[in-house]
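Pasting the structures here.
What follows is subunit A paired twice: with subunit B in the first complex and subunit C in the second.
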Partner chain A sequence: MAAPVKPSVLRMLGRDLGGALSLGMVVLIVLAAILAPWLSPRDPYETDLLAIMQPPSAEYWLGTDGQGRDILARMLFGLRVTLLMGLASLLAGGVLGALIGFCAAFYRRADGLLMRFMDILLSFPAILFGLALAAIFGPGEVSVVIALSIATVPLMARIVRGSALVVMGLDYIEAARAIGMSDGRLIWRHLAPNCLSAIFVFSTLRLGQVILLGSALSFLGLGAQPPLAELGAMAAQGRNFLFIAPHISVIPSLGIFVIVLAFNLLGDALRDALDPRLRI
Partner chain B sequence: MIRHGVQRLLLALPVLFGVLLIGFLLMQVVPTDPATVRAGPQATAEVVAAIRTELGLDEPVWKQFFLYVWRLAQGDLGVSIINNVPVSQELGNTIGPTLELMFAALVWSIPLGIALGTVAAYLRGSFVDRVVMAISVAGVSVPVFFLGLLLIWLVGFQWQLLPFTGRGGPLWTMDGLLAIILPAITLGGVFVGPVARMTRSAVVDALQAEHVRTARAKGLGEGAVVRRHALRNALIPVVTLIGLQIGFLLGGAVVTETIFSWPGVGRLAVGAILSADFPMAQGTIIVLSAGFIIINLVVDLLYGALDPRVRG
Partner chain C sequence: MSTPLLEIDGLRTVFRTSSGDVPAVDGVSLTVRRGQTLGVVGESGCGKSVLSLSIMRLVAHPGRIAAGRVLLEGRDLAALSAAQMRAVRGRDIAMIFQEPMTSLNPVHSVGFQITEGLAAHEPGLSRAELRDRGIEALRRVRIPSPERRLEEYPHQLSGGMRQRVMIAMALAGSPKLLIADEPTTALDVTVQAQILDLLRELQAQMGMAIILITHDLGVVAEMADEVAVMYAGKVVERTDARRLFDDPQHPYTLGLLGSIPRLDEERENLLAITGSVPPPFALPPGCRFAPRCPFAIPACDAAQPPLLEVEPGHGAACIRAPIEESLAA
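What follows is the complex of A and B.
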């Protein structure tokens, strides 16, 4: 998803307060995930039975959970798992979806069949794929990633097909064809780069949604399994102590909220910056 | 109109076939032998063999598939591994509560979302508009379980205002009504945002249409212009989008049912998967999928009925 973020886009994002704030938040979130081993005050799996369910304090900034594990440490490492699950689903589903979208736009004969199939996939909610995959392969991160990838394919295919069709009608595609460029090269050199801004905007928004869905599946016990630190699974474990120590589930839940909000705001701001026609 | 309907119906058939096939494959990959399971732990080898023959497990796979579809058509979804209750019976008990919960969530969130979206579109660019859009983006970003846990902790536990575990009874009783409030707020809470957003953009478009200018020019009051001329036209796409978003609502329903111990299909499905109760998991997934095919079909047909342009 290496889209060339032109300086002008960054400047436009900077001019918009929401855009600048959300970009800052996303950068901080990604940095925190990358630097987790260095930022973390303790081992996220180290239990201390003498310090269970501690509220936030100077020693434990975000408190401890039901087994005396440091919540800040688990949040930082959990962020990695949550983001990686989201990125993996987006990448796998996005690449396949984009390929299908390009093919549908380029080979008009395959269009009808491909897009009908995409419509069928689209008619099922992601959570249902999550349930089915967890039933087949057993609960776990892999099942969640496969399910969310499948749910992403038809969305990406639609976006890519739509913007590729616009490009296909332009003169220079005709010109490239006239000089005898091969199909693959034409798609890669001319079609794909001109669809990048649409792909980029969609990917940002979709990453937020995928993270939200993945954490919900983990919350249900169908995704990341304890003791693995993952935000949704942490919230689910904290649920058992809701009335004694609400912070154990509130902090990870709030974390997911902030992450998804940041990606959604950034996606909206990017759309406004890259495609002013869509701004209303 | 009839042609549109028949076309849609024919398109739904291969999808249904796909769902059935996936349900069938689900039972093929699981490690347990359905005959041993159905026979129970004390059964002798002869009894298991007899059940194998009865279930057709010795037949070739394609024949088994037809047998399975045949049994499904008769409402036989197998028996739970965990408590030996027929899957169809459990499903019959849980579909009602799930529909009840979804209805209770939609009945307040759709009108509120449409109202907020319309006001935001009318006052486009104002402070009110910005607040509505902020609520809407927060609504699509908040995890359902966060909203649910906060409500349980605050309203249920701290203030002791409302019950938060299970279904209190039928909706027309006081207990039933009180018990559904928190789950309905949780589930509907994540739906207001998307509805408001879709309504806003549709009404913004509609307000720029020429017939709206004409309506204003002939001296109609602003209320009538917005309600009768802009909103009514905007509602067609909004209704369709809401229909297609029901899937989004189902995802929320599964989580909501789990945190509020609501005895619905979603909670049943999750419980079955977690306890490796394969026949139950298969049954819930088939029923939920079939539900989706039906919802999509109905939305499609409604769209055709509402907007004559679609039929061509």
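What follows is the complex of A and C.
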């Protein structure tokens, strides 16, 4: 059932066109973000008032924005902020959610209480958390990350609980208990590794959603503040020039679209690759 | 003889349901002597697996031990703290399970799983020592080329091999008592015999006592010194293995024995016990076997019969015991 995971999963991904394509896109996106300072043709914050709202050209590949800043440079640096906000909130919310999910599956007595609490969290939209946190801490990346973390916790908790409950029903958990393993060790060494595929798949899908939500919050002015380059904020700044210079808004929006699409496709492909029922 | 290794006294394990506490094990008293094998026989749902989990204190919520004591060498296991109980598991009492396919963790190597318990119980051991002990444990259960097997993962092993690994894992800590919950049910007949032989050999070598839980009377005949027959959460008959087959006293035991095909007798049909086991939430008021019992009389429905000795060392919970064999025909 569960063969050593790494080589076969990559092979499964490679076999499926969507998987290979999305993996390639994700790798390119991450590389672009990491290499932004070397790839970028200019400083993303350098304004040139003689070259505002330039359409894409040989000199400015993606044109310039309302203050004459190079959109390509801002896209590359914005990618970093957008991805980091997404990753940070996925990591924080995912780890906390996974812990809660493991505890709910492992300590059945706590299950009802923990999951009802998760249901309560689930009933608030992420945007609402963002608004509330921006009101408390002021708008900024930190508020966005906290809001998205909180919104991710209950989703991850549910996914992990479901997958952990299946594992808890298997004899090897009982067998490990019967040789005197402590609860912590049971969860960490026996339960968690067997839930990893579900966690991976969900994380990949969720990263796309979180990036979209983060950009939306920035677009609403609750997240990244000017002049910081961030895809959602850039799309928001171009809003005023939508009829004169649409590329200022459209290009970052397309960027968000491509990122989210890549992560969603990768998540779908991962799910197919890790699903034991589909494995031959 | 000195104190028995394990003494179970009036053990009652209940499961909480919406319609109140339902007993799965109801007032079971048993003793296991050092180095001996106690067979616990009964059909599915009679509480024999819950009994084994209760001894290990592994009954999961919503089940709990409601009454009774489990004494290991005179020490009450119910009174131990969780940490003390963990130290008992694997070192004093170990357990093997029915399904070798699911009782090994697919993400860890065989070596990791065998030595994990040792590492927890004897924190002083170095990696090399652990490895040596793991190889020794695999060699003991007759797994060829143990050095190589140690690195393998469960999916690379056959069912019989996995059950051997399970046994190696359970015996790595040299327990005094091994609880084997249907250890051969999921295996091929030929592999079954090998595993039973192995268990017997290891028992002779290491001197541990075994509680063998099974629904297979053939396995009991081959392995057990003493036998307890369970029905609907209670022990209905308890004696040594020879007498159980020669001179069964409880009608349920008679029924079980009658349902085994035999080579030395000619019979048209096998006897079958009519009806089915009453569900634990709708038990009859008197003897729990009475509704299915061919010997039942009105008095059987009045009260639950206690387990009484019909002769020294042979207990049966039946008011009509001793039942003469002639009645069964």
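As a convention for this text, the second predicted complex is superposed on the first by the 270 of 280 C-alpha atoms of A that agree within 3 Å, B and C clash if a C-alpha of one lies under 4 Å from a C-alpha of the other, contacts with A are read in each partner's own complex, and residues count from 1 in each chain.
Definition applied: a contact is a pair of C-beta atoms (placed from the backbone, for glycine too) under 8 Å apart; a residue touches a chain by one contact, two chains touch by 3 or more.
Just so it is clear, the model here is predicted, and its values are computed rather than measured.
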Partners on subunit A (subunit B, subunit C) - clash or fit: fit
Touched partner set for A:Thr64, first subunit B, second subunit C, both or neither: neither
First, second, both or neither for A:Arg185, with subunit B first and subunit C second: second
Geometry of the superposed three-chain model: angle at subunit A (Cα centres of subunit B and subunit C, steps of 10 degrees): 100
Which of subunit B and subunit C A:Tyr172 touches, first, second, both or neither: second
First (subunit B), second (subunit C), both or neither touched by A:Pro193: second
Which of subunit B and subunit C A:Arg108 touches, first, second, both or neither: second
When both partners are placed on the shared chain, which of subunit B and subunit C touches more of subunit A: B
Contacts of A:Asn264 with subunit B and subunit C, given as first, second, both or neither: first
Minimal inter-chain CA distance - subunit C and subunit B, angstrom: 12
Overlap of subunit C and subunit B interfaces on subunit A (superposed complexes): none
Subunit A residues within the subunit C interface of the complex: 1-4, 108-109, 170-172, 174-182, 185, 189-190, 193-194
Contacting residues of subunit B [partner subunit A, same complex]: 11, 14-15, 18, 22, 25-26, 29, 137-138, 140-146, 149-150, 152-153, 157, 201, 204-205, 247-248, 250-251, 254-255, 258-259, 269-270, 272-274, 276, 278, 281-282, 284-285, 288-289, 292-293, 296
In the complex with subunit B, residue positions of subunit A that touch it: 116, 120, 123-128, 131-132, 134-136, 138-139, 208-209, 212-213, 215-216, 219-222, 232, 235-236, 239, 242-243, 246, 249-250, 253-254, 256-257, 260-261, 264-265, 268, 280
Residue ranges of subunit C in contact with subunit A within the complex: 56, 58, 60-62, 86-91, 94-99, 102-108, 113, 116-117, 120-121, 153, 155, 166, 169-170, 172-173
